[in-house]
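We call the chains A, B, C, D and E, going by the order they appear; numbering starts again at 1 in every chain.
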Amino acid sequence: MSSTRPVEAPDLLAISNLSLGFSTLDGPVRVLRGIDLTVRAQEKVALVGESGSGKSVTARAIMGLLPERRTMASGSIRFAGRELLGRPAEAEALRGREISMIFQDPTASLNPFFSIRQQFRTVIARGGARHSAEAAEQRMRQALRDVSIPDPERVLGSYSFQLSGGLNQRVMIAMALVNTPKLLIADEPGTALDVTVQEQTLRMMRRLSQQNGTAILFISHNLGVVRQFADRVYVMYAGALVEEGPVQRIFTAPLHPYTRALLASVPRLARPTIPTGIEGSLPDRLKPIQGCAFRPRCSLSISACASEVALVAGAEGHRAACVHVVPPA
Amino acid sequence: MIRRVRLANVAAFLAARVGAGLLVVFGVSVLIFVLARAMPGDPARLALGPAATAAQVERLRADMGLDEPLLYQYVTFVAGALRLDFGTSLFTNRPVIADLAYGFPASLELALAAGMVMTIFGILLGAVSARFQNRWPDNVSRILSLIAVAMPNFVWALILMLLFAYWAELLPVSGRLSERLQAPPFVTGLVTVDAVLAGQWATLGDALRHLALPAVSLSLPGLAQVARLTRTNMVDVYARPYTEFARAYGFSEREISVKWALRPALIPTFTLLGMQIVALLGNAFLVETVFAWPGMARYGVEAILRKDLNAIVAVVMIVSVAFVVINIAIDLCVSFIDPRIRLQSAR
Amino acid sequence: MTASPEFWRAMRRYAQDPMAVLGAAIVAVLVLAAILAEQVAPYPAHAGAFVDFVNANRPPDATYLLGTDGIGRDVLSRIIFGYRTSLVLGLTVLGIAVPLGTAAGLVGGYAGGRAEAVVMRITDVFLALPSLVLAMAIVGLFRPSQILAMAAVAAVWWPWYARLVHGMVRSIRLEGYVVSARLIGASPVRIMVGEILPNCAPTILTKFSLDMGLVILLGASLSFLGLGAPAPIPDLGTMVADGANYLPDQWWLSVTAGGAIFLAVLGFNLVGDGLRDVFDTTG
Amino acid sequence: MTGPALLRVCNVTKRFKLAHAELLAVDDVSLEVQKFDTLAIVGESGSGKSTLANLIVGSEGASSGAIWLGDTELGARRDKATRRRIALVQQNPYSALNPRKSIRAAIELPMIVHGLGDRSARRRKVDELLRRVHLSPALAARRPLGLSGGERQRVAIARALATDPELLVLDEPTSSLDVSVQAHILALLLELQQELGLTYLFITHDLGVVRVLARRVAVMYQGRVVEEGPVEAIFSAPRHRYTNLLLASIPTVSDEDDGVKLDWPFEQAIAPPPEGAQGCAFRPRCPFAIAACDTTRPALLGEDALHRHACLAPSRRDTTAQGTGGIS
Amino acid sequence: MTQSPDRDLMVRLAGPRSTRRGALMALAGTGLGLALPAGWRQAEAQPAGSTIRMTESTLGEADPHKPTDVPSSILMFNLYDFLIRPAPGGGVSPSLATSWEVSGDGLTYTFALRDDVRFHDGKPFTSEDVVFSLRRMQTMRRGFAGLFEVIRSAEALGPHRVRFVLARNYAPFLASFARLAIVNSVLVRANQAAGTFGEFGDYGQAFLSAKDGGSGPYVLTRHEAQQETVMTKFAGHFMGHDPRAAETVRLRFGLQPPTVRTMMTRRELELTRVSLPPEILVALARTPGISLGQDRAGSMFQFKLNMRRAPTDDVEVRRAISLAFDYAGQAALLDVAGVAAGIPSRGPIPSGVMGYDEAAPTGRRNLDAAKAALARSKYGANVPPLDLIFVREFAQVERYALLFQRSMADIGLRVNVLPIPWAQYQQTITTAESTPNVCCIYVGLTTPDVDSLLWTSYHSTSPATYFSAQWMNDPEVDRGLEAGRTILNTEQRAAHYRALGKRIADLVPAVFCYDQINVIARQNYVSAPTLTDMRTSVPLLGGNYQFRTMGVGAPS
């Protein structure tokens, strides 16, 4: 399956054929349809897609954060060889130690009722090793200095609502990395923040992941950010992967019409041209999808699109789920 | 920008609450004063009985100041009330404050104990419900709280009395202390507290046993409300990003439910408790009746039936002051639980 | 008003929750029984001027399914008629309290500033009054009557709605559509009634259904003070209160009436919970 | 292209009283928007751009200064005739529409408030407006619940147009939309401007969108306008270092867009802003500061009226970009 | 009537109870979450010692010269002494007064007083105390003061002789002294506060409202208006006590029937005074160690008909009501576990009281006659509905009220029944206009003389009380009542009142239901002759609760 991909490192995270559904009051909803995704050690992988594409659900499925009772899942999520899907205890054992996560809105993600210190201390205790109060304090301060917080003491004594979004973002990164996890899942980091702060966040994550050897699964709807950050990119549409490949190829030679349309929707700084956008809207989540989900919005759709389309491998580990993709000879 | 922990914030917050509380007490005093005097029936005639002559009635009216202009009566009343002088009860012919000094601590002790039972078990039920939302512990706890709310508390009082006093003979039926025991030296008027202060542990045990049934039956209907509110809030908190954050960072589910999610969820519950205290003091009447609890609520109802003006006004004022004080105390608690109130400047 | 697709969607969602459906069924049965009491009750005459001391205090048996009271009246029939009284009580009290509290909450929450302070302080004053005291004081002003007692209860009930609505208005007034309407120049009344109120309605409705049970209970306290429905009109609260005097020997008197209240409280609570769930995710 | 200014903001200042301090949200801002023009106000959170928008639409009153719409001064209290002339499109389309009212009722409301037309006239107008924003009039009977963000924003735009306003204040109209939807909304806004001769005041933090929609840009920082000029000039040759920083921070999707680079270390550029400094607010983040920057708060000046900046040591740029002027 | 504890029964009871207890203890432990040390259980089951604990309704003041209700009367009879005391079966017997002389014209009464009586504080009792007490009563004009209006002068003829001169002949005079509690004049003067009575200040009202000032068989030791009043035995009382008389008497206020039931079962109460629902009494009668007793206090249960309010202003309507009432249904209600709660009345005078006419018929239902009477009335077929009120606190009255309602339905009369708390009840009947058509109430003798019931009920000038809710204004009855007060010969008086009773009955001011016997429950280890032996009972409100005469054995 991964024969066309250059093998650089072992798979840290391997998701195969992951399908997910929720039962809601309006009926069952399918949110993921057969996702295959891998993250190798120390790799920075981006999962990109618009709202409703299922990228955040994927992240939460990996973390085991979905409500068990209302979720129907099939497939497999393996982390360092261990199966996590349907095994909440396994996932829980990894959370905060082996796998960490950063959320979109840092200020809302920190509990406003407890000081940063109280929360940080719990995170450190989660690391497993027994620390004296003094040692824990030292580690917290060091972790905060690592994210360029000059006065850790003050920040530790504060509450999230007293700090700016950027500062909270850095605190959250420090917490995410303090136990040197193997995988960091970043769900739209910095989206709620200003561009300069977002830029700073990305730089910091990049630097720290390099230092710690942490792999990153980066989830974003912002193509620009993805381009700057990731080594490899997965593009999602309506709960399925439509394209996968090295970042350079995705942005210079996208294969899937959806990826191309998405790129064409981004306003360009160099030219005052009106971006084209994508006509139509996402398919109804309550109805089953047959064939290529993008078909109704695609200018290239043909009758063959009505049947299931698998990811077809292109050059350089580049794959896309489109009937128009011609595999290299 | 990190704001420094400002005690001044708490002080300003408190000052605002006290100010608002004083306004409430003022409003209550005007309202009840006018209401009490608007009631038909001449309190003087009622007090003196049918045999009294018209001149006697007139004299008592004059003594009570009932023929003065209403505003003057009110000012006189406030002047007295500030010195804790609410006049004389027409029913017991004692200073109202002396009657209240006997009844209020008893009612307060009952209401506080009920409030505690209500808080502890309500929050417990609510937290269990929320943690196991839509699963059987949730359903059991919801049914339990519905059963609790489906009976008026005086019926609960009777049922509990029959169960634990009539059949099981586990707990006493009436009063605050057994006849053989001497009340501890009066400090707060709360027998349990006074017993602790005096180190009379046997008395404390006896007082607690007497308190158990009235407090539980008084707490039951409110308990259901607390449980429901706690459940709602905790479900809400569970849906917040910071709970997801806690899970993602490996905080244990138990710790989340007893610490990280519970504390934020308690704020509205506490606020409800503050407002419930009046209901507790009011409903206490019915429970006090069943358990012959020597409280103020019974006194208050008796006073209303007998048009004992001074007693009515005093009881209502005391209740409203208790309401205000307890609510300020709760606001203070909340401000310590919720650092946003403590630390954030009003913006 | 024609049923919108949203309405049917809400209904579908409601129907998904078995507990809510159970609640709706209970409420429907109770309401129907109350309306059709004359037809449904085994001994309709027992709800009126009736005494039969020969058959007094009979425990439940085949003739009298829930037994008879000390006057020889069929408890089941009286419970069915009692629902009628209790529902009228609930509707009357809430029919006064809800509009009053909602109006106060709307005005206080939307106006802000001094008006808000005044309204909310008045609300606090009423919250600080013991409800029974106020009820009795108001009743004392006139003659003891059930209508007045209900008005009195409403007088202490509205502040809860005022606070509830106030809190909602405080957040809804910052919503985009309210800001937009204000910038257009819409009058405060139009904004409060047209824009804000419809969004408070689900929460009010939810609380309304929860409160129905509580008001029925309150009837018991009122009758304890002699402010219940005039005899011989059956009133669940009075039946519990009176029956409690005969515990434990004539246990069926208060137990069945208490069970009847429980059923109503349960029904209305489940409906309220169901409504809240439906509205929660819709809104 | 210089005509009578439709909107003039003259020395407007807005202060907020906090519990223990005073916040200068808008600090002596002067701006003009020509008729049929689009001015974008960009800045990060806390820059004062939203407050400025609030002052213009009249949800708040200025502490000092004046705002003119044509010959009418805009205070916080305005008559209906004035309110008709300005409309607001809000950032969040999910909050902008009342979930309990039909689309028709939402669009009709401004007409009802301003007494425009009878029932059937309003009905026709709602249908027309919906068509104008490329929505089916059949949607009018529905409630916002089932609508996508893009559709909602179209409805919000239709509502804004209901009173035939002259000035449309667009407060981040696309920032909560997906990029594929955003493109359509931008196209719609340009189309409407051309067809209806609208004037736009466009508040945003997204410079990419500015490039598409705006003709002039004002960059705000800490309550002040630090640079203002034609969009091409700003994008190709920013004079203020803050503008430079903003442009350089934008994550782009192609190398072609990475025109503006940051010529000093990024870590320094994002140092926290100071509190209550005397001189230039951007001073702590600026490596090019001169001594005067510590004491003097620079005024918004420029070589010409079209491109102004508030910097004592502006970046030196070859003025090649100026020649390209004009919008295609 | 065993006074020793029934051990066998206690043993029998212990069996089944213990299993229930076990189950409930588990419930208590888990359900209540009250982890009580084992040693605390059953702490309450201490021996009662020689204590009598009795249920009572709330009691405001302990001042003997103010209230008129039963609880206060009971307190008064035990804390204070009187010149005379009511004799069993009617009449009076000596008490503080050893003898008295009446002048020929019946206007001067001279009493010889005991010289061996001391107040609780040790002060000897003298005639000054009598004069002081009378003055206090006359001046304050509260409570039963009306009984003493007739006294023109009172003077102490010596330390132990006192003389009263009346303004006119007043036959009930002697009986009135059953209501003149003699207070310790020195003690009261010493404790008087500022007040409106000149040199007497407040006449010691503040002091006596909660403190003891008497010489009676019991001493007031604690008076909490909301909880209980505690009395202890006064060993030095001149009449002495039953050898087993209770050392302590506790009056417990405001207990609910199930509470009473529980406490009686647990032996935390010795005696019930406040009327209990028959169901509870039946249950108590079945409880081992408890038996029922009768308080025959000369009171009656009546549906008083407001003679000044439509439609009960028409005598024919009243007659119809009286004929329509279901007396047979009432009879069924009067049996409480084999103990009679009353006997059918024969007019306005209760049995055992002067003027009672044993020949008069009891009420009998006759629907045809009732309908005929109704047809004769000025309202004819359109009789407006009747309003009926009853006192909520009287547990069993509702049944009679509903029986009344049901009875009237048979002749087409609609009745609105309204229960009202006692205090409001009193207020409702203060004017003829506010008094409903029908007031169900118990009325009884307040002094041992029949006049105390009839005058307050039927004389047009008597103050508005629950006695007078029929608002009778009949010159003939007025004259008869006035004449009754002047007849000094007992035989003649009895005949007079028999005739007067007939006249009153003819006017149908009320439906005379039954002469009430309050059924009470008591622990068998308490002997209470006045409540168990008809021959010793006193027909006077509160007169049968003389704790001096009661005895307490060891419970078990």
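Assume a contact is a pair of C-beta atoms (placed from the backbone, for glycine too) under 8 Å apart; a residue touches a chain by one contact, two chains touch by 3 or more.
Note that this is a predicted model, so its numbers are computed, not measured.
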item	value
Mutual neighbours - chains that touch chain C and chain E alike	B
Of B-C and A-B, pair with higher C-beta contact tally	B-C
Farthest-lying chain, centroid of Cα atoms versus that of chain A	E
Chain B and chain E, separation of their C-alpha mean positions in angstrom	38
Rounded Å distance, chain C centre to chain D centre (Cα mean)	51
Centroid distance [mean C-alpha coordinates] between chain D and chain B, Å	54
Between chain E and chain A, distance of the C-alpha-averaged centres to the nearest whole Å	87
Multi-partner residues of chain A (each touching 2 or more other chains)	164
Multi-chain contact residues (two or more partners), chain B	1, 41, 158, 162, 166, 305, 307
Per-residue overlap in chain E, given as positions that touch at least 2 other chains	256, 258, 421, 424
Complex contact set, residues of chain B against chain C	20, 23-25, 27-28, 31-32, 35-36, 38-41, 139, 146-147, 149-152, 154-155, 158-159, 162, 166, 221, 275, 278-279, 281-283, 285-286, 297, 300-301, 304-305, 307, 312, 315-316, 319-320, 323-324
Of chain A, residues touching chain C in the complex	25-26
Chain B contact footprint on chain E (complex, rising order)	17, 20-21, 24-25, 27-28, 32-34, 36-37, 40-46, 51, 58, 60-61, 63, 66-68, 141-146, 196, 205-206, 209-210, 224-228, 250, 252-256, 258-259, 261-263, 265-266, 268, 421-424, 426-427, 430, 463-465
For the chain D and chain A complex, residues of the former touching the latter	44-45, 148-150, 178-184, 186-187, 190, 205, 207-209, 211-212, 231-232, 235, 245-247, 249-254, 256-257, 259-260, 266-267, 269-270, 272, 327-328
Residue ranges of chain A touching chain B (in the complex, touch as defined)	60, 63, 65, 69, 92, 95-97, 100-101, 103-105, 108-115, 122-123, 126, 154-155, 157-159, 161-164, 172, 175-176
